[in-house]
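Below, chain A partners chain B and then partners chain C, in two separate complexes.
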Partner chain A sequence: DSTGKGLLDFRSHVDASCRYSEEFTNIYYDCMDKKRRTLTRLYLDKATLVWNGNAVSGQAALGEFFESLPSSEFSVQTLDCQPVHELATQGQTTLLVVTAGQVKFDGHKQRYFNQNFLLTAQASPTSDQPVWKIASDCFRFQDWSS
Partner chain B sequence: MTSFRKWYPNLAVVAHVQVGQDEGVVVQREVTSKGKLPGEHGDRVRGPHFRGGRKVQCSFQGREYDDPARRQRPRGSPGPEHLVHFEDNIVDVSVNNIRSQDGSWQRRFDPYSWANQRGDWRFDRERRGAGDYAGGGRTKDSWYKMTIPYGKKYNKKWLLTALQNKCSVPFKPVHYQTEGHKAQFYLEDAFTAHALVRASRQITDSEGYKVLVLMNPCPPPSILNTELKPQDTAWLKQCMAKRFDSSQRTLDLNQLRSDPDLVSQNVCPILSRKIFMDAVVKIIEENIPELVHLNLSNNKLYQLDSLADLITSAPHLKALNLSHNQLKTEKVLDRLKGLKLVDLWLEHNPLCDQFKDQPSYISAVRERFPQLVKLDGYDLPLPIVFDVVATSTIPPCKGSYFGSEEIMFLILHFLQQYFSVYDSGDRQPLLNAYHDGATFSLSQPSSQSLSRCLLREYHKDSRNLKHLKDPSTRFRLLKHTRLNVVALLNKLPKTQHDIASFNIDVNTHTSMLLSFTVSGVFKEVEGAFQDGVRAFSRVFIAVPAGNSGLCIVNDQLFVRIATMEEICSAFATPAPTPSSSLVPALSTPKQEMLSTFSLKSGMNLEWSQKCLQDNNWDFNIAAQIFTQLKN
Partner chain C sequence: MASKPVWEQIGAGFVQHYYQQFDSDRTKLADLYTDASCLTWEGVGFQGNKAIMEKITSLPFQAIRHSITAQDHQPTPDSCVMSMVMGQLKADADQVMGFQQTFLLKNVDNKWICTNDMFRLALHNFGA
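Moving on to the complex of A and B:
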């Protein structure tokens, strides 16, 4: 089912996703650490977050949630990314971004975390590059039960 | 002593310092007058001599006529006590104790004595008194202009005090000013004005002249208007515009009263008067709300009430100069609490002398302006601040999040099947679980040497974009199509997953897509690290498949070494065997429920038990679930 052209498309798609995911994670964690108030701009209006089993959805709730978290210092050590099959996304270009590393929340000890995002590309009114927004976000401490 | 000379240039003061007999050092002062002092009626005052062993406190204190300290002084008694008073307290010259022409000692004004004599009438007087300007009902010439010829030379406070001492009724002078050689002010009340006139010639000044008091009816003074005349406001505004530096956003109102533009227009902007300060603040509010620096020095300000509006109307105000004014206590600063001042000048205000040392001065000011960095031109030492921002807490961590029971069953069912194949030793059947165009990649923590060692079987296929930059390698390590996916899975070490340890988070669920993250632990079952416990986090993205199943389109696996805690709690429950995992402790009804449920749902006993347990073995709920699953 992969024609030569299809493979090429897929290859460039993968290349592009790697770059987007790197750029995205840089922006995301920088925002999380230094500009927390602007973090919700990276999320879709109806985005969902599951944070250590706590479900949060919608801009307003997300805003409140991030505001309630202490200030953070993230250190991403592992990054992986896959383009999501179009069957699942009904044509909307989507990336799966998976990260792992450590985070220190102010007043708490440093902990390891695993996180993954579904990013969807939205057409930008001002450029031909898409604007990536988080459709879903899943975060968990590796030692969440302790 | 210097002040003494200023007001009484014709008097000489000679201080003798003596060692007294019993009381140590004593200062004696002789006051003599020099030069000719022609009095109106030839009366002259000779400064009295003071002898005696009293220690003298030399302090200047202004006293108002109703100073409580006065009342306690024995009245009418002549003697050194009053002479002390005369020398030390320039303002409060106890002129009433000077012998008048008829030789009788004048009594000091004592409000209580008056009240005793005249009953309540005094209180009426006070209520209606000269201090009350706010009332209306002014007739054409309802006020009185009181003139003191040659009054210009007198200190205002001395004069008014002396007059009050002589006046049987308390009066409040309005708009005291000097004109030529005269001093004048206004009184509203006829009775008060008449009472004051009776004080004429009752006071003799230092030169021996009698102080005259004249009174003339007049219309209410324009100074009483609560608002400036429009043209005055216009001039004030123009003057302020001239004094405003827009590049620095600075307004310099230093010594505004002597501004030549205003003086030439006969506008007398006495900023200590509410009407003027209000006008200034309003002009700021309407025209330059962006004001950052404001200089109000040398304006005889004694209160800051009108400035309080600046807190809202000039929110950017950071620097304020209130130096060289008449602010008496630190309390006046309370009115400006809320101004985010960074730079403040307060020197040369009486309030500065009230502090016993600089640290207390600084902390009193800082109390009102916590962000202050400069005071009186000096950089302040950094304040000791306790960070009172409450450390937010992290929300409590919870277990699996499914979003709905339906999804929970769907996923549990799927995972049970998936891992039973995954752990079986041959992963080939997993082809059925993946979509044709599925992708898979794995990653692991790269930095820790221990994990690199223990996870070396995974290492060569590990795809960490943080460290892996070559696009070809990046591409190669992303397995695409189910054949490639399962081929890799088959090469990975054989495992035994602890399903009981699984935690599942469902991040997205749409009609076409189900994305969930599974985390838990597994054991290596063969090879160099047999029985080694590993922890994993695995993201599945699936689309619906026939027979209410799932078809994987994306699979990302993260593997790491398990922590001690995870190792200890891992595999606490016995691994499921195909036969049965009935816990003997279950009661018979429960056993029955369990087997029925398992049959109906298609899940093995262990999963079925887990679901029932989660629902508290509630038969009704279980029945609902049967129905849903059947459909």
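Moving on to the complex of A and C:
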């Protein structure tokens, strides 16, 4: 019946996108830790980051912001990924990726963090594989002293 | 004084409604999910309103109370809202635990529904 096939398609769709999301998060945190100057290449021109409640928009501002952060050592402990259904994205292929783990910024003690990314697939001029870029990014230290 | 951007109002409104419903009668959350919605709960995926509601209503506690520590809302390129919530919860007589939840909200027929929902407990980091 159609619901069975639909579920199978969904599962394989989720598996494919989740395989990519692991690759993406490896690249992202590797850039954060070791190649900070190249990090903005992973973002769309108009991408927005909200970092502990502060919004940073666009390549120039993102570049300045990442430059201002101390060097980092990230360790990702959990990763969840879902394809964003066509209904939500008007035909764009989009992934929602959620991570959590620990990070140590130079000069600061190690802390737990949560982060989520909305990734969108862009056609590549040089390949038939799409290039994935961050459209939205949200980061927070875990901190329950409110 | 400037009022909050519309996506913050939408996100904050949804978050407040969601946890209020969850804590009082979580069967009522059914209105918020469609057949296209996905939930990932502690790493396990569920698709569609029916599967999602089965998961939520079968969670093994009677009483639950959420309290929100922080929430962030962003508009997405196609007029959805992405919300990240950090907070604490207490189920029955269990100890307080931290949690993280992310929602993607879409306006369908003048109602904001949840197309994507991801929940994780912060198991290493118990609330004081």
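Rule of thumb we're sticking to: the second predicted complex is superposed on the first by the 134 of 146 C-alpha atoms of A that agree within 3 Å, B and C clash if a C-alpha of one lies under 4 Å from a C-alpha of the other, contacts with A are read in each partner's own complex, and residues count from 1 in each chain.
Heads up, the rule we're going with is that contacts are C-beta pairs under 8 Å (C-beta built on N, C-alpha and C of every residue); 3 or more make two chains touch, one makes a residue touch a chain.
As the structure is a computational prediction, the values presented were derived from the model and not from experiment.
Chemist: Return fit or clash for chain B versus chain C, each positioned on chain A through the superposition.
Modeler: They clash: once the shared chain is superposed, the two partners overlap in space.
Chemist: Which partner does A:Glu23 contact after superposing on A: first (chain B), second (chain C), both, neither?
Modeler: Once the two structures are laid over each other on A, A:Glu23 reaches no partner at all.
Chemist: Is A:Ser68 touching the first partner chain B, the second partner chain C, both, or neither of them?
Modeler: Only chain B; A:Ser68 stays clear of chain C.
Chemist: Based on the superposed arrangement, let me know which partner A:Val76 touches: chain B (first), chain C (second), both, or neither?
Modeler: A:Val76 sits against chain B, while chain C stays out of touch.
Chemist: Give one of first, second, both or neither to describe whether A:Phe105 is in contact with chain B, with chain C, with both, or with none.
Modeler: First partner only.
Chemist: Should A:Asp143 be classified as contacting the first partner (chain B), the second (chain C), both, or neither?
Modeler: It touches chain B and chain C both.
Chemist: When the two structures are laid over each other on chain A, which of chain B and chain C touches more residues of chain A?
Modeler: Partner with more touched residues of chain A: B.
Chemist: Kindly classify A:Thr48 by the partners it touches after superposition: chain B alone (first), chain C alone (second), both, or neither?
Modeler: both
Chemist: Which partner chains sit in contact with A:Thr120 here, chain B, chain C, both or neither? Use first/second/both/neither.
Modeler: second
Chemist: Share the list of chain A residues that count as touching for chain B in one structure and for chain C in the other.
Modeler: On chain A, the residues that contact chain B in one structure and chain C in the other are 10, 14, 48, 50, 53, 55, 78, 80, 82-85, 87-90, 96, 98, 100, 114, 116, 118, 135-136, 138, 140, 142-146.
Chemist: For chain B, which residues count as touching chain A in their complex?
Modeler: Residues 391-401, 403, 435-439, 441-447, 463-466, 471, 474-475, 478, 480-481, 503, 505-508, 512-513, 515, 517, 519, 535, 537, 539, 541-543, 553-554, 556, 558, 560, 563, 565 of chain B touch chain A in their complex.
Chemist: Which residues of chain A touch chain B in their complex?
Modeler: The contact residues of chain A facing chain B are 1-2, 10-11, 14-15, 18, 21-22, 48, 50-55, 65, 68-70, 76-85, 87-90, 96, 98, 100, 105-108, 114, 116, 118, 135-138, 140-146.
Chemist: Could you pull out which chain A residues touch chain C in their complex?
Modeler: Touching chain C from chain A are residues 7, 10, 14, 46, 48, 50, 53, 55, 78, 80, 82-85, 87-90, 92, 96, 98, 100, 112, 114, 116, 118, 120, 135-136, 138, 140, 142-146.
Chemist: In their complex, what parts of chain C are in touch with chain A?
Modeler: Its residues touching chain A are 34, 36-38, 40, 43, 45, 47, 69-70, 72, 74, 76-78, 80, 82, 84, 86-88, 98, 100, 102, 104, 106, 108, 115-116, 118, 120, 122, 124-125, 127-128.
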